[in-house]
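What follows is a pair of complexes built around chain A, which joins chain B in one and chain C in the other.
On to the complex of A and B.
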């Protein structure tokens, strides 16, 4: 009974938050509500027994996306102050057709899903069987890095493409910090000294735990990115123009290492991308975590590079 | 060995993109050559293999489907791979003239270019619905980035619009994939073909996936994003987008339709898809006739020509299959030539307004010649690749007594002739007053040459039809012959 009540509460909360996000009086309010929506969604995933998704939703869906939206909002305030103050909702001729379309889509899918009998998930059973031989405890990590690792490899390439696409619109000449905080706020240094190591610790834990429990490179990368975002916000890292070598290495490390290991095993007669052992899984996940974190921090900074800022 | 060749097709471009970001600027041209030049040599032995065996499958990571992912190469994917590699080389020549690899703008352009190529290769090889989704995302995002390298406000707006629509389309497709998995417990395209039975849930899933893919292929009436995106991107980018990027999502539709849902009897939905194609041909051609800018004419022509690729659904049969595949390749080459030539004209005139083109045949003879040759193929005049495709369509329609489709193919050719001759006539029009002839920046010879080579390839395809059609015949899923 309590379970049902919690579920209903979360479901109703999600709907209300989604509605409020869309009709928000101002863009800023909409962004904040979107972050709250993401966190509630993470709760919903956790309730549905998908802790990996919950972690990813909280770290990426709410955290990183929210931070990126806020940065975009700051830019909007700077270049179009009048537009940022306007209500986010403008009447569109498309609103009604889109609403009808979305509504009917939900109805049709709902009907179709109700009709589905819980078939034996062939691939799911195969994962459960194969996992016992692999030494991994988390089936999600097994799928992502052992069984369907081409998907993961290409996802890393997608992330790189997304960053490069965003980079085409960065103004290289006017690379500037999201918060050019010139004056030092007391206690920022002390706060960073606590939070940054702690974040790195949590990211590493998520990465290592990913082999047995919920977690993995994507969640760890997002958490690691949070410490980078903090450093950028505090002015310890400044956006820099031009793609310098170590950010470039960070961006490409995951894709390169994954591809090279995946190709190298072919020389020993193994099939393409058949990872030679758990050490390869950990190595690739670490590289992917670094790449993901670097991509997200650079996207947040809106620049192709970072340089050390004045403390 | 064959596995290594397939791996090279996907991983050479991906690793090349990484190296471009890391290496000093003076090495970039070498890296580009080093990852592009081997590609045709990878395809040669694969072609011999497919001509011989018809099919090659490989299991990735040593886990067979349904647990893992398969790559599968047949004549259709092989032909489109050839198309992409040819475009990478020839359009790449034109792009190299505009985006010098060692320059700053080159660093923005070329990594995306290689990621696009790697994504297309992975898409053509993949036999897994979810893996296809990831490759589609890679192709789309790289394409959007390439559009944005144009830098103009119009290009950025078009890129943004494309991004939003493409993301929505991806979500529709992904939703369909999720439903399919819930029903069948596997994501392998060909295993699904054996297990998936018609029903409410599979039908919903198929409709969702088709809707998403139709948006990505810009099939009328979901084409709204295409003309702006293709018309405002830099010339070489437009060439790639029109010649191959919109085709690969259509390729997935073919796979779904004729392989996964191959034994479902779907005459009515097939007719509907065919009618969308007819709408595309008529509407795209009509709008191409009234455009004021050269690149917009070419972009609307893409909307129209994509319509032919939908005629395979109502006419389904070996002939229509050969016709559509041939048309896909021929249109890819001809359209790339048109866009490269149009890009050169735009770069040298500073504008591509049609009335500014007067007298251009004397000032930019090579580009206008490329334009004319590519037009010949696009109109479907013999002897060209476009002719073979349209001729096969006509024969397919004739054998099924489908007079309506016959009339449509003929009318589409006439309309194409109308909008292309309108452009050509303007370039050869010499006004009496030469007083206000504008300054002209000669396009780089390499860029003009690339356009010309592409156009010649589109024509030459008309002479090479026998072996290609034989290859395609072997790949046709026989169960579908009506």
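On to the complex of A and C.
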């Protein structure tokens, strides 16, 4: 009974936050509410027995998306401060009926799926059995890297493609206006000295724990990206024009290493992307974490490179 | 009502809100909120409607949704870059001819 009450509260919170995000008066408020919506989603994932998704949602869905939206909003305001995009909601007679129909369609499909007599989940069962002797205790990491590794490889490729596309669209304007160094605020240095090492520690823990417990390369990469974002905000890392070598290496490391190992196993007669062991999983996860973090930080900075700022 | 049915209904509600927002929003950032909410609705539906295995949730849909979350962020980042550039070039972050006009 208490369980259901908690679920009802979370569900009602999600719907209310989504509604307020959509119809809220100001865009900034909308972004903040969207981040809160993401964090509530993380609670919902935890309630649904998906702690990996809860971590991913909190770090990636709420954290990184929120940071990217805020920085985009700041750029809009900076381009034309006088009309900082005060939104007009359109009136539409069709909107409500269409929305209700779409929602009902999802409800009918979902309830029908739930009501159907279920076959035992064949793939899920096979994973649960196979993983007990592979040494990977976390079935999600197992699925991502052992059984659906082409998906995971392409996912890293999509992230890189999104970065390259954003750079192509965006040009290098942002790199010419460096973030001011916040030297005048005395607490920033102390804050960074505590938070950045702590973030790196948490990211490493998430990465290593990812083989047994909830966690993994994506969550770790997003947490690591948070410390990079903080350094950019504090002016310790400055956006730089042009792709220099170490950011470029960081961007492509995950994709390259994953592809190389995936192809190299074919020389030994194994099928494409059949990872040879746990060491390969750890190696690829580490490389992916670095690439994901680098991509997200560069997307945030709106630049194709980073250089050291003055401390 | 079970928790599963509850989350299916929440997913339906979120999807409806997302569709509504997508139609009535004129600012592109709001349309992005709406699209992300619709995506989240589908993620909730996929996880909530998957059958548990011996009391434990099925790992395969969860792994698919984890991939989906990262793809959603990638697409959002690209869309935000497009929006900022559109604003820089045309002076408005909306696809309409005149965003203040009511129809």
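Worth a mention:
Basically, the second predicted complex is superposed on the first by the 278 of 311 C-alpha atoms of A that agree within 3 Å, B and C clash if a C-alpha of one lies under 4 Å from a C-alpha of the other, contacts with A are read in each partner's own complex, and residues count from 1 in each chain.
Operating definition for what follows: a residue touches a chain if its C-beta (ideal position, glycine included) is under 8 Å from a C-beta of that chain, and two chains touch if they have at least 3 such contacts.
Note that the structure is predicted; figures quoted are calculated from it, not measured.
Residue contacts after overlaying the shared chain place A:272 against chain B, while chain C stays out of touching range.
By the touch criterion defined above, A:56 lies against chain C but remains apart from chain B after alignment on the C-alpha atoms of chain A. Look at A:190: by the touch rule set out above, it reaches neither chain B nor chain C.
After overlaying the two complexes on the shared chain, residue contacts for A:47 are found with chain C alone; chain B is out of touch. Taking chain A as the reference, the larger set of touched residues comes from C, when chain B and chain C are compared.
In the superposition on chain A, A:130 contacts chain B only, with no contact to chain C. When both complexes are overlaid on chain A, the residue A:5 reaches neither chain B nor chain C.
Across the superposed pair, chain B and chain C both touch chain A at residues 109, 111, 113, 119-121, 123-125, 127, 148, 151, 155, 158, 161-162, 165-167, 169.
Contact residues on chain C toward chain A in their complex (touch as defined above): 1, 3-21, 23-27, 29-30, 32-34, 36-37, 40-45, 47-53, 56-67, 69-78, 80-85, 87-88, 91, 93, 96, 99-100, 102-103. Taken in their complex, chain A has these residues touching chain C: 3-4, 7-8, 11, 14-15, 18-19, 21-23, 27, 30-31, 34, 37, 41, 44-45, 47-50, 52-53, 56-57, 60-61, 64-65, 68-69, 72-73, 75-76, 79-80, 83, 85, 87-92, 94-96, 98-100, 102-104, 106-107, 109-111, 113-114, 118-121, 123-125, 127-128, 139-140, 142-144, 148, 151-152, 155, 158-159, 161-163, 165-167, 169-171, 173, 216, 218, 292, 296, 299, 302. For chain A in complex with chain B, the residues that touch the partner chain are 108-109, 111-113, 115-116, 119-127, 130, 146-151, 154-155, 157-158, 160-162, 164-169, 172, 242-243, 245, 248-249, 251-252, 255-256, 259-260, 262-263, 266, 270-275. For chain B in complex with chain A, the residues that touch the partner chain are 3-4, 6-7, 11, 14-15, 17-18, 21-22, 58-63, 66-69, 104, 107-108, 111-112, 115, 118-119, 122, 126, 128, 130-131, 134-135, 137-138, 141-142, 144-145, 148-149, 151, 156, 175, 179, 181-187, 199-201, 204-205, 208.
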